[in-house]
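First subunit A sits with subunit B, and in the next complex the same chain sits with subunit C.
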Partner chain A sequence: MAFEMGEETRQVPGTWDISTYRYKIEGRGLNLLTEAMKEGKIRGVRCHECGTVYVPGPTFCRKCFIDIDEVVEVKDTGEVVSYAVEMSNMRGEPLDEKRITAMIKLDGSDTWIVGTITDIDWEDVEVGMKVKSVWVDEPAGKLNDIDHFEPL
Partner chain B sequence: MERKIAIVGQAQVNSGDVGMPRERLLFELVKGLFDQLGINRHDIDNYLICSNDFTTGRTISNVFEDSPIGAYLKDETKAEVDGVLATTYAMIRIMSGLYDTSLVVSNCLGASECRPYLVMDYQLNPTYDRQLGILNELSTAALQARCYMDTFGMTEGQLDETAARLLDNAARNPDSLPSNSAVTPGDVAASEYLYEPLRQLHCYPFTDGACALVLASEEKAKELTDTPVWIKGVGDSVETNYLGERDLARSRSTKLAGERAYGMAGITDPAGQIDVAEVTAKFASQEPIITEALGLFPEGSGGDVADKGLANTDGDMPVCPSGGALGAYAFAASGLVRLAECFKQLTGTAGDTQVEGARTALAHGQDGFCAQHNAVMVLSREEV
Partner chain C sequence: MRNVGIIGVGYTPVFVSKRKDVNIAELISEAVDAGFRETNLKPEDIDAFTFGNMQTFEGLNMPHLWASDHIRALDKPIIRISTGGTTGMSTLQAAYYYVASGMYDVVMAVTWEKHSEGDAQVGLSGIIIPEVIAMVQSGMDLAGGRGVGAMGGGSTGTAAYQAMSYLHHSGADPEHIDKMAAMERSNAAKNPYAHLRKETTVEDIQATPFIAWPLRYGHTCPTTDGATVCIVASEEKAAKLADQVAWITGLGACASDPCTGNLIEGQITDPAEQEPCCIASAKALEMAGIEDPKKEIDMCEMYDGFAHQSLMWLEKTGLCEVGEAHKLLDAGELEIEGRIPTNASGGVFSTNAIGTSAMNRPAECALQIMDRVEGGHKIPKKIKNALAHGWGGMFQYVTVMILSDTPRKLYPDGR
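Moving on, here comes the complex of A and B:
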């Protein structure tokens, strides 16, 4: 096979801005969480069959494949399941302030959520450490109402 | 299986910039494969394309790829996700008795046309994970790496050893990226952190790549080649897109996919019966997770495997003598490249990466964050 067409090939820059979307959210799913967050609380859904507590709560259990609607409140404290440290942005430019991305299993939940951890040097973070949510001053029912997590 | 199916030929190209349009690349690749087998496009009963709309930058990506692979006015179908799955569909089509030959082609210009990391952002669930703005291909891979390393006590040094072994293998594979050269674990440790604990050399390289396989029924396979590689078993499994509901230190879907393939192939002792495995580990940290789920090594042994060189080409259980996805990774094509590398191993054409006397091989493909969807195929030179 001869791949010798290089000089004849030109590249043209382009973007693929095809549309904007209006994604639908199920009322009992993510809305349940965002409505709770207005009150500074975190709610998920428990499967009455296998007992799994999902946060955010889906409307059906993936394992049992049944409708689920038992709302449960979980704590805004939890445990670090894993973490990783962002050293540079997606274009490869180094970040002045390293960002600690973490998987956090909230107390009372069987699933984990994602957040950033601050107020600690990245080299001191450990799997298993306890953290607490730090909320924005006026929660508005948005996912970033929990601004970040801090060591407990 | 009701009808025996074999892979009879492979062709692949991996490059840092292939320097030609996709259409020309596919044409030269497939024409080369046809010439090698002494056939023309009319000898192929059905065509399967595995490519991705986002990396191609246009929807229904296959409509632009039909003619360049010889499928003009032919029976052609697209099977996205991964090359192992596309090959499974091709196999099923021949098993149906309606077809005798299939061509499977996959490609992605992930080095020169697009950035796969950014494309992966759009695979995130748009109403939750994407809204948070902190999950992306690198951060999820780094979180998964930490899960495994923390659960089983694998050190960063052992991860460096794993990556160095793969890059070393890749340097010996002429089908891998030409830029690959032998590296030491120290070189890996000296590469930049992209997302701690993952460094540049733990991660797959941006690749322009394409791969093609020809599959045939028993009768046709024996006409086309003296060294058919028989498909003995296939399996796939998918888990939830929500990372928070998964145990990232292990891969249940890979385990189930493997068990399905083993059941079909009559494999009861994977580590003992499989001579070589080609898995799609996009990050060095995924290799132990995937190979352990496949029963090739005990759970949690990633550090030990690295220290003792058990996965070396001349080790107890050779894994990715080709260099795997660390040597070259073309989105969606990787599973097909793994199959092509197994074909090389089983036909004794793997050159400097050859595992001596390999008769049975395993190929694994994946797609999604932290290997959400996994597909496994067991191949053998033994007809029965």
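Moving on, here comes the complex of A and C:
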């Protein structure tokens, strides 16, 4: 007997309320970071064994496998580790305004975070270029307090 | 430890976007039957099975158990392996362990994916949901427009960072990605078991739109329905059962810190660094007794979901120096007639039924060694040693396998 598959995937309307997940990641490093961002600062955790500075900071060093809790402040300037330029939206349609997103290693940290870069033509972006954070007017302790990055 | 060789490979008759004429169990059974036909073995000749596909991609639980009759595994040991993109090679490595240990003599490794019956994007999302929720709780913009955490979505969005970092560190140009893509698609056109089978030029690739610079639509793999099996046997059994054997002479597998999806604890790894590939490859080459891979490896099959990756893996596996892969491409050395044919099959880039993707790499090497390639992608020179590579996880898990035309010389202590 031949098996016949439907032509198209059926869509069922509904919502997915992610707030119903009961387990919250402790997120000590994430909380440390957002608390610092309220003051317009960036803080991470340094491993006292190998010196690696993580932002956001984990509770243990992933290189040394030891507990770490030495809080350090890092700068809000950094260097582009790599970048991509979004040229189409989720449906594959070309974007009118191309968006540059980058992996950025903040000065004083050994890890990278992701953010958007503006005020530069996408063709001029380079790996290794220096960028600075542009903060919102009234930081509220959210990851969005750094709105974007600009060339330094 | 005993020597283990691949004595047969079975593919589904085609690898295409949508196999509407068969269900999942029927699809898998086509490859299983092909494996029996290729080796003239019967189900009773198989001692045990290993089975692999991506978790969550079809939303299925325990397919190895409910499909066990369709793969002729009733009353036999069967174990499911699922290590992401590397699933196929991990499944074959598990079959190797079974036989090398002396536990079983003949084992069938079964892998498959039926992308058309699932949603890979939902499956991939499941990997990073806890991270995303934690970041949303800390004020990340879920739409991704502003602030820390804003990023390109999907595997292309993240692979674009890897591609850009690779280009920067190797000195290659974006045009080399176009060239690699055109070469592999043209190889696939010769392979009857490839999915996107079209003679392709650099201009064809350059006519496709960018998704995320530097990656174009023409740089990305398809999603495929298909299944592959490999039958492995001990040296003693292989002598009785098979005329040609591709010996598994080296294996390696290695994970590093995730290069993506771990934003809440600080990402320490550059996605183009790929240290696990260097480590796994060195381990596999050492086990196979290969001292100079640049000279002794005659072909390779790389796991390249995106066209820049084959070039990157050539450098990371040690088959060439850093910054040399794109020069080999320009010199024509990576073509089927070249010095180190790379993805003569067309690669994952042209055929991507994910569970099979890392299995088809050693399977293609085995077929070349056994001189049983169907189609025009047969490498004209004699293949003594081949390198097969698998990649996946959070951009950080790599498997490597060396296949050879002669059995491995065991270490003095019997390993």
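Everything below uses one rule, namely that the second predicted complex is superposed on the first by the 128 of 152 C-alpha atoms of A that agree within 3 Å, B and C clash if a C-alpha of one lies under 4 Å from a C-alpha of the other, contacts with A are read in each partner's own complex, and residues count from 1 in each chain.
Note that a contact is a pair of C-beta atoms (placed from the backbone, for glycine too) under 8 Å apart; a residue touches a chain by one contact, two chains touch by 3 or more.
Here the structure is a predicted model, which is why all the values come from computation and not from measurement.
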Partner chain in contact with A:Gly44 - subunit B first, subunit C second, else both or neither: second
Contacts of A:Gly57 with subunit B and subunit C, given as first, second, both or neither: second
Broader residue contact with subunit A after superposition on the shared chain, subunit B or subunit C: C
Subunit B versus subunit C as contact partner of A:Pro139, first or second or both or neither: neither
Touching partner for A:Trp16 - first (subunit B), second (subunit C), both, neither: first
Partner chain(s) touched by A:Gly78 [first = subunit B, second = subunit C, both, neither]: neither
Subunit B versus subunit C as contact partner of A:Thr34, first or second or both or neither: second
Touching partner for A:Asp147 - first (subunit B), second (subunit C), both, neither: second
Footprint overlap on subunit A, comparing subunit B with subunit C: 2-3, 5, 9, 18, 21, 25, 30, 54-56, 62, 81-88, 90, 98-99, 101, 103, 110-116, 122, 127, 143-144
Residues on subunit A engaged by subunit C in the complex (per definition of touch): 2-5, 9, 18, 21, 24-25, 27, 29-31, 33-34, 44, 52, 54-58, 62-63, 81-88, 90, 92, 94, 98-99, 101, 103, 109-116, 122, 127-128, 140-148
Sites on subunit A touched by subunit B in the complex: 1-3, 5-6, 8-9, 11, 14, 16, 18, 21, 23, 25, 30, 54-56, 62, 81-88, 90, 98-99, 101-103, 110-116, 122, 127, 143-144
Complex contact set, residues of subunit B against subunit A: 11, 13, 15, 18-21, 24-25, 28-29, 32, 57-59, 112-113, 117-118, 126-129, 131-132, 134-136, 138-139, 142-147, 150, 192-198, 240, 242-245, 248
Subunit C to subunit A touching residues, read off their complex: 18, 20-23, 26, 116-117, 119, 129-131, 133-141, 145-153, 157, 160-162, 164-165, 168, 209-215, 217, 257, 263-268, 270-272
